[in-house]
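The structure that follows is given in the form of structure tokens.
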Amino acid sequence: MISLLQVLILGLLLGGVYALMASGLTLLFGVMRIVNLAHAALILVAAYITLLLFDRFGLDPILSALVTMPVMFGLGVGLYLLLFPRIEGSHRYVEMTVLLTFGVALIVEGLLAFIFTGIFRQARPGYVMDAFRFPIGDSQLFVPTGQLYAMAVSLTLLAGLWVFLQLTRTGRAIRATTQNRAAAQIVGINVRRISALAFGVGLALAGASGSLVSFIFPFFPSKHWQWIALMLALIVLGGMGSIKGAVLGALILAVAAAFVSDTFGATWSPIAFYLALFLILLVRPQGFFGAKMRL
Amino acid sequence: MSDLPIVENPVEAETVPEEPQPASGRTARRVAVIVILTLVLLFPLIARSVFPSYNYVMQLGIVLLMWIAMSSSWNIIGGFAGYISLGHAVFYAIGGYVSGMILIHWGLSPFLTAPLAGLAAVAFGVVAGLITLRTRGPAFIISTIALLFLTLLFLDNWEFVGGTDGVNLPLASFPVEWLKAPFYYAMALGAIGSVYLSHRVAHSKFGLGLRAISQDETKAEVAGINTRAYKVTAFALSAFFIGSVGAIWGYTLTYLRPVAFLAIAIAARMVLMAIIGGRGTVAGPVVGAVLIFAVDEFAVRQFGETSLNIVVVGVLLLVVLLFFPLGVVGSLRNSGRLPAFLDWD
Amino acid sequence: MALLEVKEVVAGYGAGPDILTGVSVTIEEGTSYCIVGPNGAGKSTLLRAIAGILEPRSGEIVFQGSKVNGLRPDQMLAAGVCFVPQDPSLFPTMTVRENLAMGAYLVPDRQLIRQRLDLVFEAFPALADRQSQNAGTLSGGEQQMVALGRSLMIEPKVLMIDEPSLGLAPMVADLIFERIRGFGALGITVVLVEQNAVKGLESSDWGIVLDLGSKEFEGPADGILADPRIRELYLGKQLARKEHLL
């Protein structure tokens, strides 16, 4: 019983961070129909920035989100304007976005490997090794402090995202563009500007994710392929483009992965994601929560 | 499976009447093909007398021919049918592992079992295709990425094939001075075979169907094409030579290790080559393979063996997609400047 | 000075052929217009070109004396030219009220937005009852009402409506046309495109006949309806069918 509860807790903690990682990815797809294969690679960029700030200046990884978010926002706006207006209206637009961002992922990975080499890195602030322990009977539940903080920050940011999308004028414009691009244009939304902004917001979320990930997982430049595969699995589960779905998908899959890991060993844990992805694509190509996946 | 009427040998299905071509163009192409084939076949002899670093040059030849085989094969599903798979490295791994394990357990040379490895890849392709091809567009791409990682996970955890560490293969027992030649010719066979297959597909009714699917799948369906059977067939067909060269490649490496076959960079490379050269054309993947190979070599020479070469490849991909989305061959053809010796369709 | 002038506009989609082959139209303030013509005549394309959704290949569009071709749709809307496309183009998972409010996206004054919302609910009482329902769950007629209501939120000078009666039951269509006729009183110049030529012309002052991408004829709407020659050439089948049904 206790051990099941323990596994559930660990799964939920990770799920909270996966949710933040995937929220940006699903936002980009929702608003602009961009499948950003470079998303995890850009999360890595933020993770390396966080690591540098921590190693050089001792800046706390969580606080460095204040740096990585604006930096990635700017990078996102620039990247959008550089790449995507050119392919608007092209035949097989969504596939084009996959290939373009694939190229971006290669470039980012190569640069990271060149600068930081391929070795494993991890930011190690004091709280990484700590845990809250709750004795129950003979055994105890433990909650790793770092992951708890990461989960808390992640949920706060997701709540902030929700408020931004629901209550601000720009947020409403982003939602409108997600729901019907043509209609958004008709009511006077400059969809290209909103798309660039949304791309920036999506990457700012990637920036914050990178700061959190920097002390949760060891990482190296080609690590992002594993992450993007997981993130794609969970946004497909949640219905591509739906942020609510991405959060639910993240929590469900992270818990499932934690149980797989507990039963079959840690090396098997990603199988939960891939099998879920295949199962969903087979049964309901539109995902579980989202509306129709528009291709 | 039952709803899938297997297209018997689709390549041999009724061929499409060829457009009349100027005789001079056809001659130029014939000459070009004969010259290229001769060069490929005589390359080991030429290399021996010209380059001091014979083994190194031969290794380059082996690698280039392997990539030609892979990108040409990928082009059947990715180019003709327009279904972009980022998971084709799976077939490469299956080929390598099937032949490698046979070599270890029964001592049969991969040179003999490579076609078998190819068939194993085809069989796997049928099954994987039946699942992944239920989706279209980006969902298909995502499912092929998942396929790759799922396979990687299994190989990493399968003790019989050595898990993450893999297994070592016995060395080939050829005279040292000609050690590379058999590998070279085996890869050449793979490359020539896959280009020939691609050519046959391009000129068949089957190939026409694939192009229709790539243009507008719904219309193709309405026109009476069994799109599912076509797609699965193309997917499986594209696996054959990739599996075969995977078998040979494992033998040259003298070991099997999951990451040596299943890196997404490997899957990526076939895609890049085909796109840069020109998706959906016969010559495109070959041109792309040569180009990327040259850029790679150049990058390695310039910057040393660094990760900057994948940056160069990434930049190249962006430039081609944004400015020449049809690739080298496609763009040249569209502007009517494709030299006859590159017009293999 | 004319409110809106379209001069020799040529336009088409992507690399495709010209759909508009040099069309010239003049829109005067306070007159309501109906553009009719056979399928493929370029009626919708003309509206899209004026709205800034499709950039003309050549020619000029002049609004209130200044050249506006090349402006983005949001800039055209800000200038006072509003477009209601064929499919109502709503935001399906936003409520009716939110959809209407989105129509005033370019209006910064919240007070004003609230006032205009009240006006819209007055004009379409059916919508008032469904304010908090998601737009995606409405019937076709109600969706068309939301689309029209949404266009009122910006108080445009020119309102271009593409096929408002498409797919609607005759009674609902009648109601929609009645409302559109009322827009003139609000100081809005209506430009209508209608397949249902009779209904469209009956609701308008001036008719413009488009065929093969250019203007074939224009004149008072009742005159066009009465002219047997035009009826036969351009509206023939439709009117015949219409009369048959009647």
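Should a chain be cited, it is by its letter among A, B and C, assigned in written order, with residues numbered from 1 in that chain.
Everything below uses one rule, namely that a contact is a pair of C-beta atoms (placed from the backbone, for glycine too) under 8 Å apart; a residue touches a chain by one contact, two chains touch by 3 or more.
Bear in mind the structure is a predicted one, so any value in this text is a computation, not a measurement.
Asks: Closest chain to the protein's overall Cα mean, using per-chain Cα means, please.
Replies: Chain A is the most central one.
Asks: Between A-C and A-B, which chain pair shares more contacting C-beta pairs?
Replies: Most C-beta pairs in contact, of the two: A-B.
Asks: When the centre of a chain is set as the mean of its C-alpha atoms, what distance in Å lies between subunit B and subunit C?
Replies: A distance of 53 Å separates the two centres.
Asks: Compute the distance, rounded to whole Å, between the mean C-alpha positions of subunit A and subunit C.
Replies: Here the centre of subunit C sits 43 Å away from the centre of subunit A.
Asks: Hey, how far is the Cα centre of subunit A from the one of subunit B, in Å?
Replies: So the centre of subunit A lies 33 Å away from the centre of subunit B.
Asks: So in the complex, the part of subunit C that touches subunit A is made up of which residues?
Replies: 14, 51, 53, 72-74, 77-78, 82-85, 89-94, 98, 102-103, 105-106, 150, 154
Asks: For the complex, give me every residue of subunit A touching subunit B.
Replies: For subunit A paired with subunit B, touching residues are 35, 83, 86-87, 90, 92, 94-100, 102-107, 109-111, 113-114, 118, 221-222, 225-226, 228-229, 232-233, 236, 267-268, 270-271, 273-275, 277-278, 281-282, 285, 293, 295.
Asks: Where on subunit A is subunit C touching in the complex?
Replies: Its residues touching subunit C are 89, 169, 172-173, 175-176, 179-180, 182-190, 291.
Asks: Going by the contact rule at the top, pick out the subunit B residues touching subunit A in the complex.
Replies: Interface residues on subunit B, with respect to subunit A: 82, 84, 86, 131-132, 134-139, 141-143, 145-146, 149-150, 153, 156-157, 263-265, 268, 271, 275, 306-315, 317-318, 321-322, 325.
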